[in-house]
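Across the two complexes that follow, chain A remains constant while its partner is chain B and subsequently chain C.
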Partner chain A sequence: MAAGIRMSFQEVSPFLGNQWVGWENYATVLTNSRFHQAVSNTLVLGVGQSFGAVLVGFILALLLEGPSRSLWFVRTAVFLPVVTASAVVGEIWRIIYFPSPDGFMNKVLGLVGIDPIRYLEDTSVALYAVMTVGIWSSAPYYMVIFLAGLAGVDRTLYEAAAIDGARLRHRIVSITIPALRPAIMIVSILAAVRALRIFTDVWVLTGGGPAGSTQVWMTQIYTQGFERNNLGVASAASILLLIASVLLTVVAIYFTRNKEDR
Partner chain B sequence: MKQHIAEKQRQTGRLKCSGTVLATLLATTTAGYAQEALEVWSRSGPQAAATYEAVFEAFTEKTGIPVEYLTALQFDTQLQARVAARDLPDVLIYDQSSMAAYANAGWILPIDPTSLAGHDEVSDVSWDSVRMADGSTYGVPFSQHAQITFVRKDWRENLGFDVPTTHEELIALATAFATGDPDGNGVDGDTYGMAVPGTTNRGFFAWWMFSYLAQQGAHYVEGGDGKYEVTINNPEGVAAVEWLYDAFCGDPNLAQPGAMTNASATPFFAEGQAGIYQTGPYAITSFTDKIGAENLEIIIAPAGSAGSTTLTERTSIYFGSTTTMPEAQKALAEFLISEEGQTLGMTAPGQPVVRLPVNVNLNAAEIYGDERFVTVAEQLEMSELMPSDIDFTAARLEIAETFQTLFSQCNDDVVEQLDVLAGLIADELDAVNALK
Partner chain C sequence: MSTPALRKKRRQTSVEGTLDTAFGWAVGDTRSMLVRAVLCAILLFIFAGPILTIIVGAFDLNPDPTALTLWPHNPSLENFRVATGRGIWGYFANSLFIAGFGLTLQIAVAVTAGYALARRKFYGQTVVLGVFLATMMLPEEVVAVPLAVVLGDLPLLGISIRGTVFAIILPVAASAFSILVMAAFMRDIPEEIIEAARIDGASEFRILVQVILPMCLPALGVVAIFGFNGIWDQYLLPLVAANRTEDYTITVILRSLRADVEVGTGALLAGAFLALIPSLIVYLLLQKSLVRGMTSGAIKG
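Coming up: the complex of A and B.
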């Protein structure tokens, strides 16, 4: 990390000697329009994917909680995307998203009369298509954390609520969610940090295209470092990402503590 | 006292002994680290790697110099790691387009062509291509070819079209492939006109587009000897880009679905979904296997207003600057440009790594025993290299990204976007002191 910080203040050229350039690399990152686009895409993707994955993980946990053997099998099947390599997931979804009318997803949507969509080609759709893949592949991970949390919920509370005539949604809002608050917090932090450094999904699905519409912070770092050979700028961008991740975690911990204190 | 002295002597003896052991160990370790094999890298798939291995085996047999060969598909990423460790491969076999960037960064060594045995058997145009703006030479030419046009012959004949010789005929054929039923499966429009590699990875799209622009007299930049001016937004540039814009954004879209984000367009042609594909002759073997020689034709690029020019692609040999085996580097380069090395690169099992020889004594069509290479060689005569005496990498990435944007969004602002692109290219040229 020390080397990364040092490089972020240098024009890096191991064979000709690194030149000290002060804050220039940071200025380049902060003023570069591609990085601006990457920030907004990363935020949209981060918020959407975190929220979506946590929500889907929570719903899956509610649906699949229980000791029966068939549920155990379904839980294992649902968990598969988490243990599948991201590159493989990306390739599978490229096939699912194939943009011609006889592509898998388009065929399914065609059954309900929706016109074919160019998922990864249409600049206004591509980011959401990537987001869907991210939700699909990370929600089961959060499901497992929620399942562990659900196991600790006092059953008698549900029984008491049922006797009082509480409906399902009342039980979820008044018993399940409060009991899962620590799990929700941990999962949200994990999801947000994971979304900030998303790379493989985007790289395999779109390579940051079309027209930079799925360019995120990490793909920009890769492009700067390895395609444009600006390791100094890439290091500066990495340090900024590190600071953002730490800040995000600190803020999340602060709010968790406040809630616990109250 | 005596006892004390004896103890001291024993200690000294032990120290001496440990010292000897340590020295022996160090010597052994150092000897273990001494380089025994010439480390060579190329960016090749498994088939081409098999060919390289056969070539290096022959080299080792002839010279006694062992080669440790690595094929790095993520060449630039893996090379960066070695740059950071300040320990580069001894020899790199890679695109000509990377030479200037590597030379400017001090990763590769200058080469005196006349010091290489057999240098006079390599064509002058090949030696010119590895010369930097300041006149120094940093590479040894190894392979050359121009992008060629593949057409599904059976599809063309099914629809009753002649071999296209002009841009108009090319578009008419692509349109027929995209809307008709060339594969005879009874369904109209389930095939695509052209397979297009629209990826911005390594700026690939800029390479592909170069040919179609040049055929209409348009170029990203024009000049030479290290100084270039941006010409992509001149009237020829605008007209040529508008022509391509119609192919991508018109109805029907002539490219395969997903063209702008596909990592590779090759499967679309190889698996019978698209009917026209412009790429390098390295694909001939795999296309012949998949489609059948009788269904595959290689044609000279259909001419635009300025002819049938396509992009020249070259592979060169570079000497890593941290080498401890300079003589072995030279020996390998000499072998690779010799008639024996070049022939093996074309014929060893796998995929040809020498597409067309740089050695003037060799005739590709004869060696391959394949008349189609006459067309490949003819196309090379009508081809142009993108600037390679300057570091054009950043400009190439800007070009690929701009055109991917233009053809993805299809929002009709060709002139405006070309003006913006011209500014971006000028900035990048200025940054490497290459703006005229």
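Coming up: the complex of A and C.
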């Protein structure tokens, strides 16, 4: 039911304001410098966050693989950021990132001799600060998927490698990673589709600021649509996002199909 | 030339357990275990530490807005008192109501729609499945703007549910993920069982409730935890759907709690604590279902 309503309205929405404006809204979106900035921010954030989260998730899976009870406990605890609502994640990280020298993050990094940073208020750092939070809250999710993949790796391969005298690096590069390739593929696509529509993290952490340096596509849509009441422009931007997501998903499905055929 | 001595040596070099994990953790080797324990401690600090600071901070009276601590210095319930003054429980109740009602609806829709997809053959089935898949790829974020307009003027009915909790509940009621999970699970139930029930004269509804449903408990667990987390995590939807701030959910209100200079970090942490606890409880109860749902979804794509 909700599906039908949504579908029907996506076609109608660009002409809101009860006036036919044709492609004007799209033109506005495509020529607006704020949207341009949002696109590049979304891309940087999306690529960085997806790559980072998948990499961290993989490392986590390697470190926490194993049957023992204490490892199970650590895995459960490490997974907590995923189940925590993103609004809560945002608020706690705002406190961690507190800009003064005695903020939590600055204190911890101070121990290793890094000077205090005003994370969320520095235009050159803010985007990466947001990215870190994104990686933190999504990497454990990918860890679980990787762990399931790791459990399916043939143990005799490790044994053979050990007899051949392969080093740990070789073992991971030539056995573990090829075995996990389907999982890595799926997880990367999942991460990319998620990153396209990132909203809550950015909204709670920075609200798009400072000076638009963390403004992403979704926050831009929200600002346009609900704060400036430019619903037409916001809808046009939504449709563009929709097209991008669909394209990405189609590519994703194409690749996973390919995998199954082989 | 495989003398017993050589064999023994080989066994020693590959310490017990190293072949069980990709990373080659040696179970029983003290040094390896020590390294691992230290790494685990660091991981716990990084990933669980911030969550723990919320729990501790909520019960700790600390005027310093920068101080996050893993140990309460001044335990008190003052933070909750201040947060109560800001009506935090009302928002909490909003959230609980939406999550409870929304999840119930979502499960009902998932069970019935899943049953229809899995068991009945009807015209246009692939189309329906395709539409479901399509909406699954389209998250609330993408449709937020059109949705806000729809909620303000429901097609056919011509009424506005914007500003009521139903504006948040209805959109979350149909989750393509839940429906697909149920459908996939029900498809694996042997046809003979349903046939037997039908011969015994059970109605279609009775078959669903008394025969199929008890067999679907694992799938229900998956739907429940994903559904709950999905609804609880909603941010944009309540923000867009509510007309008055009183209708906000607890996740949304955290932001205004932070902007309120009079209440301080403690009350914010108390609010965050309340927003955190339900998801924690659900997670710990349904952890197995969560992992099952994630991995099966990942394998099927």
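Methods note: the second predicted complex is superposed on the first by the 234 of 262 C-alpha atoms of A that agree within 3 Å, B and C clash if a C-alpha of one lies under 4 Å from a C-alpha of the other, contacts with A are read in each partner's own complex, and residues count from 1 in each chain.
Convention: contacts are C-beta pairs under 8 Å (C-beta built on N, C-alpha and C of every residue); 3 or more make two chains touch, one makes a residue touch a chain.
The shown structure was predicted, so the numbers you read here are calculated from the model rather than taken from an experiment.
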Legend entry - Contacts of A:98 with chain B and chain C, given as first, second, both or neither: both
Inset, instruction - Applying the touch criterion given at the start, work out whether A:44 contacts chain B, chain C, both or neither, answering first, second, both or neither. - result: neither
Inset, instruction - Give one of first, second, both or neither to describe whether A:206 is in contact with chain B, with chain C, with both, or with none. - result: first
Inset, instruction - Mind working out whether A:109 is in touch with chain B, chain C, both or neither, as first, second, both or neither? - result: neither
Inset, instruction - Determine, for the superposed model, which of the two partners chain B and chain C contacts more residues of chain A. - result: C
Inset, instruction - Would you check which partner chain A:125 touches, where first means chain B only, second means chain C only, and both and neither mean what they say? - result: neither
Inset, instruction - Return first, second, both or neither, reflecting whether A:117 touches chain B, chain C, both chains, or no partner chain. - result: neither
Legend entry - Contacts on chain A seen with chain B and repeated with chain C across the two complexes: 13, 16, 94, 98, 100, 102-103, 225-226, 231
Inset, instruction - Would you tell me which residues of chain A are touching chain C in their complex? - result: 1-10, 12-13, 16, 60, 62-68, 70-71, 74, 76-81, 83-88, 91-96, 98, 100, 102-104, 136, 140-141, 144-145, 148, 150, 153, 155, 158-159, 162, 168, 171-172, 175-176, 183, 186-187, 190, 193, 197, 199-200, 203-204, 218, 221-222, 225-226, 231, 234-235, 238, 241-242, 245-246, 249, 252-253, 256
Legend entry - chain C residues within the chain A interface of the complex: 14, 18-25, 27, 36, 39-40, 43-44, 46-48, 50-51, 53-54, 65-68, 131-132, 134-135, 137-139, 141-150, 155, 170-171, 173-174, 176, 229, 232-233, 235-236, 239-240, 251-252, 254-255, 258, 265, 268-269, 272, 275-276, 279-280, 282-284, 287, 290-291, 294-295, 298-299, 301
Inset, instruction - Within their complex, state which residues of chain B touch chain A. - result: 76-77, 80, 83-84, 86, 101, 105-107, 190, 198-203, 257-261, 263, 321, 393-394, 397, 401, 404-405, 408-409
Legend entry - chain A - residues contacting chain B, complex: 13-16, 94, 98-100, 102-103, 118, 120-123, 126, 205-213, 223, 225-229, 231
